[in-house]
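Here come two complexes built around chain A, the first alongside chain B, the second alongside chain C.
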Partner chain A sequence: MTGLNVSTAKQVEGTGATAQSAVFELSQVSKEFRVGARLWPWGGATLRAVDDVTLRIDPGECFGIVGESGCGKSTLAKLLLLLEPISSGRLAFHGQDVRSFSRRDVRRFRRKVQAVLQDPYSSLNPRMSISSIISEPMEALGVGNRKEREERVCTLMEQVGLNPDFRRRFPHQFSGGQQQRVAIARALSVEPEVLVLDEPTSALDVSVRTQIIRLLLDIKSKYSLTMVFISHDLAVVEQISDRVGVMYAGEVVETGQAKDVIRTASHPYTQVLTAAVPSPDPDERPPTRLLLDGEIPSPLNLPPGCRFHPRCSRALPQCAADRPQLTLIEASREAACHLFVPSAPPSPGANGKVAKVS
Partner chain B sequence: MLPYVLSRLVRGALTIFGVMIVIFLLTRASGDPAATLQGDSNDPARYEQIRRDLGLDEPLIKQFSTYMGDILQGDFGESWNYRRPTVDVVKERLPESAQLAGAGLLVSIGLGVPLGVIAAARRGGFMDKLSRAFGLLGQSIPTFWVGIMLVLIFSVQLGMLPSSGTGGIKHLILPAIAVGWFSTASVLRLTRSAMLDVLDSEYIKMARIKGLSEGRVIWRHALKNASIPIVTIAGIQLAALLTGAVVTESIFAWPGVGSLVVTAANGRDFPLVQTVALLAAVTFVLVNLSVDILYGYLDPRIWAK
Partner chain C sequence: MLRLRSKGGEGTRSKERRPDEPVLSVSHLTTEFRTGSGWVKVVDDISFDVAAGEILGIVGESGSGKSVTCLSLMRLLKEGQGRITAKSVKVDGEETRDYGTKAMRRLRGTKMSMILQDPMSSLNPTLTIGYQVNEALGRAKGSGGARRPVDSLREVHLSSPEQRVSQYPHVLSGGMRQRVCIAMALASRPRILFADEPTTALDVTIQSQILALLRRLRDEHGTSIVLVTHDLGVVAQTCDKVAVMYSGRIVEMGPVREVLRNPQHPYTKGLLAALPRIGKTDELKIMEGQPPDPRALPPGCRFGPRCPEVDGECLAVDPPLVTIEPNHACACLRIQSRAMSEAPL
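Entry: the complex of A and B
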């Protein structure tokens, strides 16, 4: 864990000296979509789904990304999986800019980075048997021969708690939890280095959810995987993640050790978010009940300054004008909030980042 | 699977029975065959004689039950025009129609599916725009105009291909394009929209994450899942082509079932019209049944329901 602290600090300094050790390194990554009437080039509007996100994901850690629906966390997952090109900024995988990836680089990347998506049923091709679903990544990436793959399918199915005798069956013959196990087995089939999990438990029943989390924890320790775990469920994220990033309206507003961020939130938004989680312990009640007015801002029309200021109870005058940057507020803890840099006027060079150009 | 097929067979039989009633009544509402057959002579006695011979003096319900009874015994009646069993007359025309239908279907699937897939894969791109324009043209330009234009250009102006009749591949090209024109457009549009639907799904996203090549994602994963609506429309097109590419056959003087039924209807040849209509109904039911059975192979979920 100490390694993490060091690397986080260095990232904030913006030296980039540790670039080769990070699995993913994002600097000011944004993703915009053009929406609406596209008949003319000036028609429609720009939707900012991911906005100036800077973070790094280190080998072997599980990085949790939390936030409300529509905060851009799934878009971020798509960017990490190279399903969508980034609009601006830099996304590096093991120090190499993904924009410079050749076809072969992408293939290598696919072998190293696998994913489990939210809805297990719709992410399995209904027309393929479980066996061919699990073995297809190996087949596509040229791993083993037919017999070896078949054996590996059985091993994997056992590993994720499925009876290998069912490998000739089709996805619709399985329950949601079993389907998610199939998805996990498929992701593990090529022995990836990174697993991106986009809300892997939110489509499941609570009892099944616990089983899947247990399976993921098990896999994580067995394979020493790097994981990116995206969820809106803070309890689940706290259980599985080493570090977390909290997202609001496309931005990362706070990062740090999972327990610290969720137990003692710094950013006003994180405080509201964590206070909204009901505690399983009846004796442990949050001292004050924090409620938010208003809605999460539309990504089509983001407020100036801090994205959260219209709803923030502690907003300062400069919050409406200046956009706070992620700043180191204590060891391995960053927040993007003016409350933590009371004296310093926001100067672009202060934390090694350039001012946003729009 | 057997109950699935049986239930569809029963439904098919009911459909055919319904079609028979409708056709029987419609033909009889269309005019008086006795007057047509009588020709120029104005002899009331002869008129009555013809009516009695054809059984038209009987009440409708009696006529229909006789008709049904004969059919159940395998007797489809005799054509009033040709003075031969209708089955024989239709049988002669059927191979020609099948040939044209096959060629037309080949054109529409061979062009429509690949163009639709490419259009969906390159959504918003040049090929997409071209395909969409072609789809729109295909569905909005009437077949008769396409046929006449083809004859005008390729037969009259260029003299490359024969304008009518049968005999060899050369005779087939223009009618096949004319008859396939409309169905190419519908197959294209349907393929495109089915593919767009599938390409949006999570398992396509997943297939890309797996590291599959884009070609494999589109042609194996996506097209297979988009195939149900495509097979459906191909089946409907085939049935429609088989039982009467009426307009095309008339333009190209193609001696198929389509031109036969036009002549039969004009001549008030009720038994012949009824037999062709019955054939059409049976063809539709059988094609749909095969399509339904095919679904089960295309999508393992269907038989499970």
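Entry: the complex of A and C
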């Protein structure tokens, strides 16, 4: 498998800084799309899907990204998978800027970084057998010969909890949970170092979702994989992630250890987001003051200052003018909110940004 | 356009519901679909009541028959597609079992209505919001009075309703569209509202707004609601009573607090244990396997093959839904025998 050993994961979990290079390092990464430029006479507009995101994803950790629809979390996944070029900022993979990648580097990158998407059925070709689906990435990247690939398909199917005798079957003969297992086996086939999972459990039923979460936790520790886990389901993210980033309107508003961020949210948006998750305990009703009015702003027409201030119950006067930067608020915890910088507002320059934490 | 006349109230008044009678009373409802391998029972012999102003949650995984239950009661399944049989289906005191298309259409306009999961596909993209709400109001003039679409939209807390009436559905966000659907469904002031996964397509913060809206409308108008969902959290925060469905059957039913805090059926227990919860990351338990294929049901209890408490009798006898405590019913032989042995004490 990969050259990583298990102790790497342990080191990262501790707060002690490691000299290791990050798997992904994003500094002020933005992604803009031009929309309606042809359709509308007034020349279209620029949609900022991901805005000024600075993050670091370390080897062996599972980094969760949560947020509501339209917050830019799936666009961020596409940027990490090099499926979309970034508009500005710097995205580095193991210290190397992805903009300097040659075609060969990209090919090598594809082998190291694999994806699992939300809807398992539409990500599997209905005309291909399970065996050819799982071995396709190996064929494409020239891994092994036919016989070795066939053997690997059987091993992978066993690992993800599928009976290898079914490898001649087709996707429609499997249930949603089983299809997701096939997608996971396919992603694992080229022995990747990183798995980017975009809402992998959202289309599944409760009992099946738990099975997939357990499977992901198993393969993560078995192969010391680095994972980027994107979901709108906070409880699932807390279950599986080591660290988490909360996104709102294209920005990361809070990062930190998953348990800390989700259980004791600091940023007002994270607070309302966690309070809105209905608890299955009828006696645990959320405090009504945390119910949010209004909707997420349109990415074409973002409010000035803090993007959350029109909906924020604790907004200060400067929130409408100054855009807060991600600031260290306690050990390994950052939030982008003026409430945590009572003194001088942060300088607008880039050097005021983010001290790295892990 | 189909115009509905409110037929003279005399005929229906005689069938009026007694105050203590449930608004919806379903007895032995079965729905079958024709498939390549014969008739398949998707909803199998279920019975339940919904009292006035009560919110009943029907919870279960995909394929458990929860949506088909609603569609069967609304009679929205296509002719020839399925077969619905029931001993009795009483809506607001009216026996609807033998009603034909016309009579059902009258009921759907006035006494019962429905909102669906995807608010975009339930709205006509080529008509304005105002036109569509007006259409719903127009149908209900006989019973609801002449209200304006703007008032209906204000009632569901849609922002700036004066502008919305002239807008088209694609302009609105998912949460706003669902509010429009609720306004249309409530135009006739129905006695009962079927809500089939109304918040599944929405974000959590919008979900909490819509659920709060449903609760408020229930408090203001006394509308009974049947809320179909797969999310036990939604049930816990919204419903008064819950029915847990598995493979076409109700396996446990009772007051929400009772069922969720003290679950009796092994499926309910397993479902609650398998639910990821915030702040409880160590307690996740896996429920192995998956629901049975309705074309090849296992003998005896349908949950038997997945049940951790299964014994020989379970695999032979199909357990009936039996009341184990006042208001709390459970379809499990082991629970029933335990309850029976404790009863004389």
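By definition in this document, the second predicted complex is superposed on the first by the 312 of 358 C-alpha atoms of A that agree within 3 Å, B and C clash if a C-alpha of one lies under 4 Å from a C-alpha of the other, contacts with A are read in each partner's own complex, and residues count from 1 in each chain.
By our rule, a residue touches a chain if its C-beta (ideal position, glycine included) is under 8 Å from a C-beta of that chain, and two chains touch if they have at least 3 such contacts.
Being a predicted model, the structure only gives us computed values, none of them experimental.
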Touching partner for A:V272 - first (chain B), second (chain C), both, neither: second
Which superposed partner A:L328 touches (first chain B, second chain C, both, neither): neither
Most chain A residues touched (candidates chain B, chain C): C
Partner chain in contact with A:V53 - chain B first, chain C second, else both or neither: neither
Which superposed partner A:V29 touches (first chain B, second chain C, both, neither): neither
First (chain B), second (chain C), both or neither touched by A:H172: first
Touched partner set for A:L141, first chain B, second chain C, both or neither: first
Where chain A meets both chain C and chain B, residue numbers: none
Chain A contact footprint on chain B (complex, rising order): 201-203, 205-213, 216, 221, 224-225, 298-301, 304
Chain C residues within the chain A interface of the complex: 61-62, 159, 173-176, 203-209, 211-212, 230-238, 256-257, 260-261, 270-272, 274-279, 281, 284-288, 290
Chain A residues within the chain C interface of the complex: 68-69, 175-177, 205-211, 213-214, 232-236, 238-239, 259, 262-263, 272-274, 276-286, 291-296
For the chain A and chain B complex, residues of the former touching the latter: 81, 83, 107, 110-111, 113-115, 117-119, 122-127, 136-137, 140-141, 170, 172-173, 183, 186, 190
